[in-house]
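You will see two complexes here that share subunit A, one where it goes with subunit B and one where it goes with subunit C.
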Partner chain A sequence: MTLLQIALSGLLVGGVYAIVAVGISLVFGVMRIVNFAHGDLMMWGMYLVALLFGTIGLYPYLGGLVAGILLGVVGWLLARVLLNRFMSADHSLQIVVTLAIALILQALARLVFGGDRIAVTIEPFGTSSIAIGDLRLSSVRLAAFLVAAATAVALSIYLKRTWSGRALRAVSEDPGAARALGISPERMYALALGLGTGVAGIGAAMLVTIYPVEPEIGTQFMLISFVIVVLGGLGNVVGALVAGLVVGVVEAVTGYLWGQSYAQAVVFALFLLVLVVRPKGLFRGAY
Partner chain B sequence: MKLTRIALAAGAVALLAGATACSSGTPSSDTTTGGDPITIGVILPLSGNLGGLGKQMLDGYQVAVDVVNGDGGIDGRPVELKVSDAPTPEDAVGVAQQLANDPDVQIVMGTNSSSIAIPASEVVSRAGKIYWETGAAAADITERGLPGVFRTSPSVALPAYADATPDFLNDAVAPALGVPVTDLRMGLIYAEDDFGTATAKTFRDIADREGYDLVVDTPYAANAQDLSGTIGQLIDADVQILVAVSNITDAILIAQQSDELGFSPELIFGNGSGWTAKDTIDALGPEINGIVVGDAVPLNIDGSLPNADVSPSYDEFADAYRGLTGNDPGTPGTNGYFGAMVLFQDVLPDADPADPQSISAAASDVDIPDGGTVAMMGVKFDETGQNERAKWFIHQFQNGKPVPVYPLELAGADLVLPMSDAPGR
Partner chain C sequence: MALTELVRSRTSREAGWFLLALAVSIVAALLSPAWGHIAVLALLWATLGTAWNLMGGLTGLLSLGQAAFFGVGAYTSALLFVKLGITPWIGIFAAAAMGAVLALVIGWPTLRLSGPYFALATVAAPVILSAIAVANPDLTRGTLGVIIPFRPDPGTMVFTGQLPYVLVAAALLAAAMAIMSAASRGRWRIRLTALRDDENAARSLGIRTARVKIGVTVVSGALTGMVGAVYAQYIAFITPTSVFSLDISIDAILVAVIGGIGGVRAGVVGGFVLVGLRQLVFQQFLGDYPGLDTLIIGSVLLVLVLVLYGRNGSLLRPLRLGRPGRRRRETEEAA
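And then the complex of A and B:
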């Protein structure tokens, strides 16, 4: 097996990481809040997609659209009802609030679904691969990679080219000045969180075809996602995509060359190195 | 305004505490019998990576409680479980301490995970109470010589475990493949936790002793989300027999990424109840067929094992388990039921349930011959508290069900190799 094959496999896994990280990065970029509940909202999205598939046979990638819309509404409501009250609060309080939401979501999932995992195997993908010469690309991971890339690029274009996107950026840079121009920061915060959690819903459909859903799966992706968000530049959605791909490749190649148990150590060493050399991440500036 | 924020923060902290506490310390009993209940503390991982396995073991306990209470309890006293969730070793220390301090609890049962069993057993033993392990396999659980610690399930240090693997490879795998086992290239991959590390060491010792050609020997992080690098190593080394010591998520990843990357060994030999978990079977679908799993109990799902003399029989247990859960009993459920029934049927009736010394003495006197339990194995505790009659069983998935293929005298079907030829794959 060539190093190229491993790097390619890692690149696709990086797409999976990126799809989680992009939403976190967007929310941080606008609200300056680290949303610890992002992974658990995604977990609920995974359950929703799995249930829609299991009960009415809705294809998971279509179920992802439903999950995206529903989670988007949930995110919007969370901001309007709860998080907007803490926008000027101390960061530690903001962390406790999002952590509390995360734990409540997990506890509710355990209550509703128990500890069992739900797996979604979709035809014709399953565990199949697409062969290009000697190289093999996992079908479901390739789909996740493509959706992550499309989502990050679409969000970036939206933020730069549309009125509401520019309004989000204005609020991010100076809420007071934005308000003076007639932009309601509270509405923009709700829009940002809705978009971020909506992306989590779409990501949920990608993840549930790869990993069985369980109440803790969101937490398992959060640590690596924070590393990716910081590496990519806090608030930079395209940076989160690129950093996710870098982390996926570094993990896979390290696992291949030196053993998988060293992979996380190498990723965190890279993380520390980037923090020292480029404290604002690989991509400076938001979006 | 400031006060409002403080109040909201306090509320958030209270919610945090509530969310954590809502899954711990839940009593569970059948109250059809009279008398004061006998309370058994239970520590299991009911959330987190190991939660699915822990839940199955709890279901096995619950079937045992239902059976015993349905028969009038122990000397007329119903059994109740006080259940605590311990997803991590750190949690295990906390909940073990709570149960050790509980005046109603003299016995703590669990844990199905070596990482959780090792700290939990130490806390309970130091408190002078009884620790009753029904599933975790690391040798250290009993080999530390802690007083009051008993284990009904096998230790990886038992000869029954150490002999089963080479015997299976020599007596079943070699004939099926038509080559001596020493001519086959083997790979060993394992989750880097207490169970994985201990089981891998035992297999490494076996490989040294038997002269196996072990061409890959590598751990992976137990929480890994990607094992493509590890699979790449196996492909490069042209591994023919893969021994994988895994929990659920990693077992699924290994099988799926092997398929995706085109790694198709003659045999995947999974160790650990992650390989027989319902979650794994559901996630892999037809790809589960052909995989061979070594585990602590026989899974007599096809009714082929001769255990009808045991009361309640395996079939009666399996029916009760299906009635409770809607699923066939897997390894943790069977192990939990077996271990709990030894305690309820063979120890507590001969002891004062309020006196750990008396319980310990009664446990030391247990002498059940081979074949005398639903798990086919006998029970006799050695001086460390290990059931020296515990055994190791090997199954192959055929048509979606684990079928016993070793020991050969208990085999419900022939081993089919290469695994790609297995029925249902």
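And then the complex of A and C:
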């Protein structure tokens, strides 16, 4: 029973991880860039949601929409102004560019907010939980889990069913051929980064109800997101969701059995193993 | 005849950069403890960056996990000293050995990964090692960290002033620069740059790419392990989060990128600029503006990447400052 409870809590945490990972995966799928700034953009989203709640009392789940739109615009601009210049550059240079953005974003947060942690507790279900039989689920985590799942599924449907979604996939498969068909890869890169960071904005609202915000929180979530993104297959959005859940459960169960620090070692060892055995991820197909 | 002159002048230029770093550091150490502190860290970070440059700059292996080698080196030497009383003068070589072994263990499976996959794999190594260090408090005291007791004795590499540490760190830097210099000329330069530019082509020319990549990683790991050992001895206090941190891995890249990818002098330039800037901002404002140093460094990095590296679309092709004309002529002649 306890183990089941632990696994279930892990599943919910996995949903939170997945929110962060989905955006990284989408951006890599289309742009072939590992966005090291993703976590720090999300951290800014968390501050925004927390401040909107603290000053004008905007409910975090609504604040998440504001953060999502705002971060989406920031991502779109980042691609337009900066990253599109590096699309034909090699991976090392692309990674260093996003690292530079990440450093600047984190440093700015430290300058503006100092070392203060801001926690957001929302009523009515701030710390409450829902009971199903003997199992207890934290309300905010359950909400985060549901939003993560909905976001990933919506993204996946968008990529499959809409014209611009198909255009995104076309660019991801062959930018040259897409251009020949009248799709501008540059626009699609900007759209992909905008979508990816927009999702991070929505995720930020979910995270801020669970974890206090601090400037370093983006890095923590980014590291675990890399694990998830690779397990799910870089570029595979639904894969990222499933992998997020897997990682959440594995972490919770190993943490319960062997202790929290071993849980981290196990998760990252699993990551290395998958990278070596199946670098394209555990799941077949993309999106 | 002209060739030997060229080699001689290059060697002397590289030696010149080292001697400049050494002279500046000695003067700094004599000036005040604050300046001496900057000098020691700058020399250590110069070596850290040079070791990264060997992998990332010359061979094109983008490592985001140098902290793994750094931390293992730091823990090896510190634990040998604290637990078994083995002098760090021996411990530093044990640290090199552990760094090399770790490079083999990490490198063997991951080096066949290409592009961003290798970079992502290297991110994981320090996280795993940090978790292991936390999870074994009997050996490492977990999150409490290891403290090197302050009992000044040259025999155990515990000194009162900064000058002795300057000399130790400089010796390490000299070794790193000598290796870098040897690797960036002659046969090795051809091997490594061929590997960097086109792995398949390199293999078809008879270069044993797997072996070369492992070799470079092992050397880089050993050097970085030694830097970690000296760092532990100098700071006298290490924790899993301080030595296995992503910041160390990023610093290694920053030093190399700021100093010039693939260059022998890159460590010296990047190390002194990075550490100097950081410490000066800290000493000027004493933490009034947390993040100001990182903001400056991040902006410098962005400008460098946009203006210099962005021009040839690659981090790895060497920069040719102020000599674009000569390069164009060469390509025209070749065409």
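Everything that follows uses one rule, which is that the second predicted complex is superposed on the first by the 283 of 287 C-alpha atoms of A that agree within 3 Å, B and C clash if a C-alpha of one lies under 4 Å from a C-alpha of the other, contacts with A are read in each partner's own complex, and residues count from 1 in each chain.
Following the convention adopted for this analysis, a residue touches a chain if its C-beta (ideal position, glycine included) is under 8 Å from a C-beta of that chain, and two chains touch if they have at least 3 such contacts.
Model, not experiment: these values are computed from the prediction.
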- Item | Joint occupancy of subunit A by subunit B and subunit C, clash or fit | clash
- Message: Contact-wise, after the overlay, does A:34 reach subunit B, subunit C, both or neither (first, second, both, neither)?
- Response: second
- Between subunit B (first) and subunit C (second), which does A:230 come into contact with in this model arrangement: first, second, both, or neither? second
- Could you say whether A:153 touches subunit B, subunit C, both of them, or neither, answering first, second, both or neither? neither
- Message: Quick check for you: in the superposed arrangement, does A:261 touch first (subunit B), second (subunit C), both or neither?
- Response: both
- Message: Output check: A:252 vs subunit B and subunit C. Expected answer is one of first, second, both, neither. What do you get?
- Response: first
- Which partner does A:271 contact after superposing on A: first (subunit B), second (subunit C), both, neither? second
- Tell me which partner A:136 touches in the superposition: subunit B (first), subunit C (second), both or neither. first
- Please indicate which partner A:215 is in contact with in the superposed arrangement: first for subunit B, second for subunit C, both, or neither. both
- Message: I'd like to know which partner A:91 touches here: subunit B for first, subunit C for second, both or neither.
- Response: second
- Message: Counting clashing C-alpha atoms after the superposition, which of 115-123, 187-195 or 277-285 on subunit C is the one that bumps into subunit B?
- Response: 277-285
- Overlap of subunit C and subunit B interfaces on subunit A (superposed complexes): 85-86, 89, 93, 96-97, 99-100, 103-104, 106-107, 110-111, 114-115, 215, 259, 261, 263-264
- Task: Please give the residue numbers of subunit B that touch subunit A in the complex, ascending.
- Result: 5, 8-9, 12-13, 15-16, 18-20, 22-23, 46-49, 51-52, 54-55, 87, 192, 218-221, 223-230, 232-233, 235-236, 248-249, 252, 255-257, 259-262, 278-279, 282-283, 285, 287
- Item | Residues of subunit A touching subunit B in the complex | 1, 5-6, 9-10, 13, 16-17, 85-86, 89, 93, 96-97, 99-100, 103-104, 106-107, 110-111, 114-119, 121, 126-129, 136, 138, 141, 210-212, 214-216, 220-221, 224, 248, 251-257, 259-261, 263-264
- Item | Of subunit C, residues touching subunit A in the complex | 56, 60, 62, 64, 109-110, 113, 115-117, 119-121, 123-125, 127-128, 130-132, 134-135, 246, 250, 253, 257, 289-295, 297-299, 301-302, 305-306, 309-310, 313-316
- Message: Considering only the defined contacts, which subunit A positions touch subunit C in the complex?
- Response: 28, 32, 34, 82, 85-86, 88-93, 95-97, 99-104, 106-111, 114-115, 215, 219, 223, 226-227, 230, 234, 259, 261-265, 268-269, 271-272, 275-276, 279
